[in-house]
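Dumping the structure here so I can ask a few things about it.
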Amino acid sequence: MTIDPRIQSSFDRQSMMATLGATLLETEDGHAVITAPILPGSRQQQGFAHAALTFAIGDSAAGYAALTLIPATQEVVTAEIKINLLAPAKGDRLIARGRVIKPGRRLIVVTSDVYAETDGTERHVACLTGTMIPVNL
Amino acid sequence: MTIDPRIQSSFDRQSMMATLGATLLETEDGHAVITAPILPGSRQQQGFAHAALTFAIGDSAAGYAALTLIPATQEVVTAEIKINLLAPAKGDRLIARGRVIKPGRRLIVVTSDVYAETDGTERHVACLTGTMIPVNL
Amino acid sequence: MTIDPRIQSSFDRQSMMATLGATLLETEDGHAVITAPILPGSRQQQGFAHAALTFAIGDSAAGYAALTLIPATQEVVTAEIKINLLAPAKGDRLIARGRVIKPGRRLIVVTSDVYAETDGTERHVACLTGTMIPVNL
Amino acid sequence: MTIDPRIQSSFDRQSMMATLGATLLETEDGHAVITAPILPGSRQQQGFAHAALTFAIGDSAAGYAALTLIPATQEVVTAEIKINLLAPAKGDRLIARGRVIKPGRRLIVVTSDVYAETDGTERHVACLTGTMIPVNL
């Protein structure tokens, strides 16, 4: 598993990732993987992971998947993203796997799947599809 | 401005809201308003509010707007929600105003607009549209 | 009610609009209105308007709303759009009202509401939110 | 390639499918495939397939994928669906492949990919993700 230093550096500048305890696990061409524990402070009213945690790592994994494919003089911002929540996000930690569906100079269409892991078993809890736009640094 | 105690109680059980410093400002029939400061720990790589903060209060305002319309024996969960990000979320705090577009016994269609406030001036930074489903407590 | 000749010309070149019997009713800055009868050939399995008809005029009204705001050297294409279906589309005809939420040089965020009219009474049957991108002619 | 007679019967009752020249190609557990030529009457202003055609078969393939998994006493309706348009839909015909991401008693989350075929070569032109709800006949 390799991590592009440019992406690690961007990830480290997102203070929200530290607040949520998220870690960048892997980046490769058109893919990125992020994980986060379900911290005591990241929960919804039933004690499961809050949708904002699922969204945070799902959106970021999709965005970093896009970032692997663009020049070092650019970064990406999310134009829009939709999340379908499939099951309660209960477990030890969440894992988001993002990938690029369609690269482009103006728009990059991305998707991400988020899983909740309990004792090593993964359950699919959300899928996201969105549009990233490259912007000059 | 009034707040339904049932909704305040649900809000207080969401530890993510406390982590993000969010406050429930108002609830009325089919509407809910939530605000959050842009804390040092809630930022993306450029120092603006992270999309996950915008999402967190936008989704919650929409969900609580739905909750105002259903029996006390039920709560709501987000089935899906899409966010369009309109402008960088920079400023002193974010304000999310959620409302019900179409109530229903099985599905409640909701929308939410999120604004960034700087020195009392609001800028529209995101709109969300989603589907909430009532579930028995 | 006025109609921009540029938009009427674009509308007339969309053969799908003629197939569906759609008519451009009105365009003004950031707004466009399209109507279509529920033809015998535009139905789903229960005899109501097919979601593709609702989508067709909802998407086009949103796109033409965007077109009112860009230079004559450009047209727009839909990058993405989401439709929430609120009620069965039964009645005499559908009416779609599109408007721009946020104009931009690279992206134009739009929304559209579709109504089914029966004996002069309108029922809200769908809402759409999407992203249009300007492209040079 | 097999086709469930129940799904063929539902498909045949959708007059929009005949208007667009669409054909049901295949159904199996959690999957459905629909194709349609790009008829002279199904075009947008540049002569490519209209987004409403892409939507029509993408949404229907997703819906019929869901229908393969529910009791014969029910059908499905689309609650919401989002389409990302990836490339101009030019070619001889479109092919939509729908599949179920997550079945459920109340909600069925589905996805669909649409391809434009030219001389036997397929190009990915759209992806859709949506929510179907089972309703009693």
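Lettered A, B, C and D in written order, each chain numbered from 1.
Methods note: a contact is a pair of C-beta atoms (placed from the backbone, for glycine too) under 8 Å apart; a residue touches a chain by one contact, two chains touch by 3 or more.
Quick caveat, the model's predicted, so the values are computed rather than measured.
Undergrad: Find the chain most remote from chain D, comparing centres computed as mean CA coordinates.
TA: B
Undergrad: Of the chain pairs B-D and A-D, which one is connected by the greater count of C-beta contacts?
TA: Contact tally favours A-D.
Undergrad: Would you mind pulling out the distance in Å between where the CA atoms of chain B average out and where those of chain D do?
TA: 33
Undergrad: How many angstrom lie between the centres of chain C and chain D, each centre taken as the mean Cα position?
TA: Computed from C-alpha means, the inter-chain centre distance equals 21 Å.
Undergrad: For chain A versus chain D, what separation do you get between their C-alpha means, in angstrom?
TA: Distance between chain centres: 29 Å.
Undergrad: Which residues does chain B have that touch at least 2 chains other than itself?
TA: 79-80, 82, 84, 109, 131
Undergrad: Help me check something: in the complex, which residues belonging to chain D touch chain C?
TA: Residue list for chain D touching chain C: 10-11, 13-16, 18-20, 40-45, 50-53, 55-56, 59, 75, 77-85.
Undergrad: Given the complex with chain D, which residues does chain A contribute to the contact?
TA: 82, 84, 86-87, 101-102, 109, 111, 124, 127, 129, 131
Undergrad: Can you tell me which positions in chain C touch chain A when the two form their complex?
TA: Touch list, chain C to chain A: 79-80, 82, 106-107, 109, 131, 133.
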